[in-house]
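Across the two complexes that follow, chain A remains constant while its partner is chain B and subsequently chain C.
The block that comes next holds the complex of A and B.
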């Protein structure tokens, strides 16, 4: 039951009616309904790990209460470690166990030792990377006294399994989300219509842009050994926009769904394609993950390494981004992706401009030439690194790069041929539509949040109806999963 | 909340008012290419240049439906997917004394067979029905065939209901455009060319493919996974047939051995079909040559069609 499916629309429609018409007067009833909805949603996706999700929630709920209650520092530490071991251990087992085993085997084989450790047939629980980060941040925050441990199990279980965000985030912090669960939600017209608009824009990005770009990028990445340089460049360019449209589209839908039922979910994207350097890109891309890593990995590391000066900062950032890469999955491509992103920060650290916020052109139709160069430069860096992210193996990524730089770009690519005959022309128009609307709406939480607000309602209605038409005309006719569901 | 619901309701009505004309304009504006990605209703100028032809149906469905009106009280009615209209040659049956009509269509699944039987069974009034069954049509969603019917036949409540139940954007858009053309009778002067690519339409609904041969292909072992919706529609079709007191024969047309033997649950399918009535699996009755009697993994070439049809006639006699 993915967001862009009829089944989910039916599920949410029923949920919405029950939530606002039956449960509206009672906080406990509202929370119980959200929990039931979340477990139904999760079980629909994969029922096999529902018990695991409940178990993880129960363990961390009690750990939180006891960490707060105890005055014995040793016992407190023990409880904290139990929570961390469960969280990190769960991730290590489900997501990385086979990766470690195969990597060990490879290392020993290269040293002429054949240890041949066996891999296990493990199924990864859906959303584990997301809900684990929530539980870890919760017990760390309780331990540090940044948040009070909740005594209401329904509130905590809801925080872990909130259905709009459980499968692919955003990763809400307990500090931000738990208080919302402790207060009765009252229907707010503006918040609800805002949510609907955001869902609509998310659907457009996912179903029209990302899914259509996938039909171009998939064959390019699968056949990169045979394709000319121009095709490979196009593949990398389109994949960067595809993954942005796919993941930010998902996040928009998750946030919009939250708004419809009275929650403010953490923003996850802030127009990263217009970032002017790599640090700004990461402040705008997958914000909830980077904020999490900044708070719980980068900040403690940079404090530990502070005696090393800039070298310490570089070390902290490279480790931080390598972990960010590993978080995405058990593949060396993700490790390298994260590591290289960390390395891209080095010039900024050396120049002392890492935390310097770039001034952006506000309310201007076009960027200045310098801004344009910065945006293009950042986009190119990100685009090249997304090749590693998309490639199956590091060797594939290497051959992809080799293809870009060593092969001729003159042979006419399949994309170019189709464009000439008109087949891809429409995608280019749609892509331009996306970029123009995103650029115009870059000061908002999402691109169409305030678009046309100064015009009569009928004008906005025409615009929204046009987006619905574009979805109806250009969306794929089968349900296509979101890229980040696999993480 | 009431304001929100009222706004949503108003917006949905408004969207519908915008959406429907836009689909029609889009389809009319660009009749033959990429802009209308989710409308499958193609019109093109055919040769001779003075007639407009429909090209989106691979199986001459437009011609078949147009010709159907001239057939009444036939001996045999053939229904099923392409194995029906490419495998049961009405000329061979006519020469054996059977007046027949072939109502097969591209990838026709039981969902569409049900619609077609509801529409045309009484008009055609056949003495006997040969229903060509294949495991694959019981395993798919049937979108392709619904598109074929929407684009080439009239629109009625049953096809609207079927379209909505299949929840497919392309089906809905095509239905909107087809309804518009149907409503204003815009297809009345259309003609479909008798010869399209390598296909020739034969009177009575058969489509003859230019003679070609099957090149060997290896198939990995696989299992048909059946769709319950298709079986329910199949049962409803059989009920319509039995209520009209028409004799029914279920037939599985032959396919190349390399393909047939790659499926692991052929016997299960045979047993299922036997439960529904008189059933013949010609994969086990005829011993055809893969490279001589087929042109692809599903279809007999004209040499194979002749052998298959003659054997079927022998069994009917």
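The block that comes next holds the complex of A and C.
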């Protein structure tokens, strides 16, 4: 049941009515309904792991209460470790077990030993990378006294499995989200219309931009050995926009759905394609993941390595981003992707500009020439590394790069439009439309949040109608799953 | 050393590390109050304070302070 499907629309429509008309009087009724909706949503996607999800929630709920209650530091530590072992162990088993086994086999094979350990037929619980990070941050925060352990199990179970965000985030922190579950939600017209607007923009990015781009980039990545350099560059360029439109589109829908039922879900994107250096890119890309990593990985590491000066910072950031890469899945491509992103920070650390906020000219129509160069330079770095992210194996990525630099760029690519736009120029206009609207709206949480506020309502409605029309007209008819669903 | 002397010495460290002459910290100052004070300069500040007072904080202590006052409390425990 993906967000842009009829099934989900029906599910959410019924949920919305029950939530605001039947359950509105009473906080516990509201929370129980959200929980029931979340479990139905999760079971719909894959019922086999519902028990696992409930078990993980129950364990961490009790750990939180007892970590807070005990005065015995050893017992406290033990409880914390149980939570961490469950979280990290769960991820290691479900996501990485087979990867470890095949990597072991490869290593031994290369040493001429044939041990041939068997891989297991493991199915990954949906959303495990996302909800595990929520439970880990929760017990760490309780342990450090940054948050009070909640004694209401419905609240905690809802925090772990909140249906708009369970499958692919954003990864809410307990500090921000649990207090929202403890207050009764009251219907707010502005918040709801804001949510609808954000969903609309998310749908456009996902269905019109990302799904059409997929029809161009998939064949390029599949046939990269035969294509000229111009096609490969185009493939990398389009894939960068595709993954942005796909994941930020998904995130907008998740956040918008949250708003519709009275929640403020944590933001996930802040126009990363306009970032002026790689550090800024990661402050704007998948924010809920990077802020999690900054708090629970980078900061403790940089404190531990503090006597090493800049070398310590470099070590901390490279480890941090390698973990960021591995988080995406069990493939050496992700490891390398993260590691190289970490390496891109090295010049910034040496120059001392990693945390310097770039001064941007607010509300200007066009960037200055220097800003433009910075944006383009950052985009190119990001684009080249997304090739590794997209490739099936490191060797594929390597050959893709080799193709870009060794083959001729002729014939100049005519990308074959299997997109629903038919003509290439129509699709290019749609891409430009995206980029212009995003640039214009870059001071907001999402591009069309405050677009056209100074015009009469009717103008805005015509604009929204235009977007709906574009979705109806140009979205491919087959359902394309979200890229981040597999992480 | 009196508490307010410590505060003054720490203020000098802040001015030096954050490269801003106008900084005037108080017990209830937090990172939000000073633009240049972010996660990276925080570590530099910690290292400088450790050197100045010839003490060593644990990771846990460093991550637990909510404002300058709590940091000074922590420094005082090292001399107690």
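Here is the rule we use: the second predicted complex is superposed on the first by the 478 of 487 C-alpha atoms of A that agree within 3 Å, B and C clash if a C-alpha of one lies under 4 Å from a C-alpha of the other, contacts with A are read in each partner's own complex, and residues count from 1 in each chain.
Keep this in mind: contacts are C-beta pairs under 8 Å (C-beta built on N, C-alpha and C of every residue); 3 or more make two chains touch, one makes a residue touch a chain.
Bear in mind the structure is a predicted one, so any value in this text is a computation, not a measurement.
Chemist: State whether A:144 touches chain B only (first), chain C only (second), both chains, or neither.
Modeler: Once the two structures are laid over each other on A, A:144 reaches chain C alone.
Chemist: With the two structures laid over each other on chain A, which partner does A:306 touch: chain B (first), chain C (second), both, or neither?
Modeler: In the superposition, A:306 contacts chain C only.
Chemist: A:297 contacts which: chain B (first), chain C (second), both, neither?
Modeler: neither
Chemist: Any idea whether chain B or chain C touches more of chain A?
Modeler: B
Chemist: Answer with first, second, both or neither: which of chain B and chain C does A:355 touch in the superposed model?
Modeler: Touch partner of A:355: chain C, not chain B.
Chemist: With both complexes overlaid on chain A, does A:189 touch chain B (first), chain C (second), both or neither?
Modeler: A:189 sits against chain B, while chain C stays out of touch.
Chemist: Contact-wise, after the overlay, does A:426 reach chain B, chain C, both or neither (first, second, both, neither)?
Modeler: Once the two structures are laid over each other on A, A:426 reaches chain B alone.
Chemist: Can you give me the overlap between the chain B contact set and the chain C contact set on chain A?
Modeler: On chain A, no residue contacts both chain B in one structure and chain C in the other.
Chemist: Which residues of chain A touch chain B once you look at their complex with the stated criterion?
Modeler: Listed in rising order, the residues are 6, 20, 187, 189, 192-193, 196, 422-426, 461-462, 464-466, 468-469, 472-475, 477.
Chemist: What residues of chain A sit close enough to touch chain C in their complex?
Modeler: Listed in rising order, the residues of chain A that touch chain C are 144-145, 294, 298-300, 302-304, 306-307, 313, 354-355.
Chemist: Can you list the chain C residues touching chain A in their complex?
Modeler: Against chain A, the touching part of chain C is residues 38-41, 43, 46-47, 59-60, 62-64.
Chemist: For chain B, which residues are in contact with chain A within the complex?
Modeler: Contact set of chain B toward chain A: 1, 3-4, 7-8, 11, 14-15, 18-19, 22-23, 26, 33-39, 143, 167-170, 172-173.
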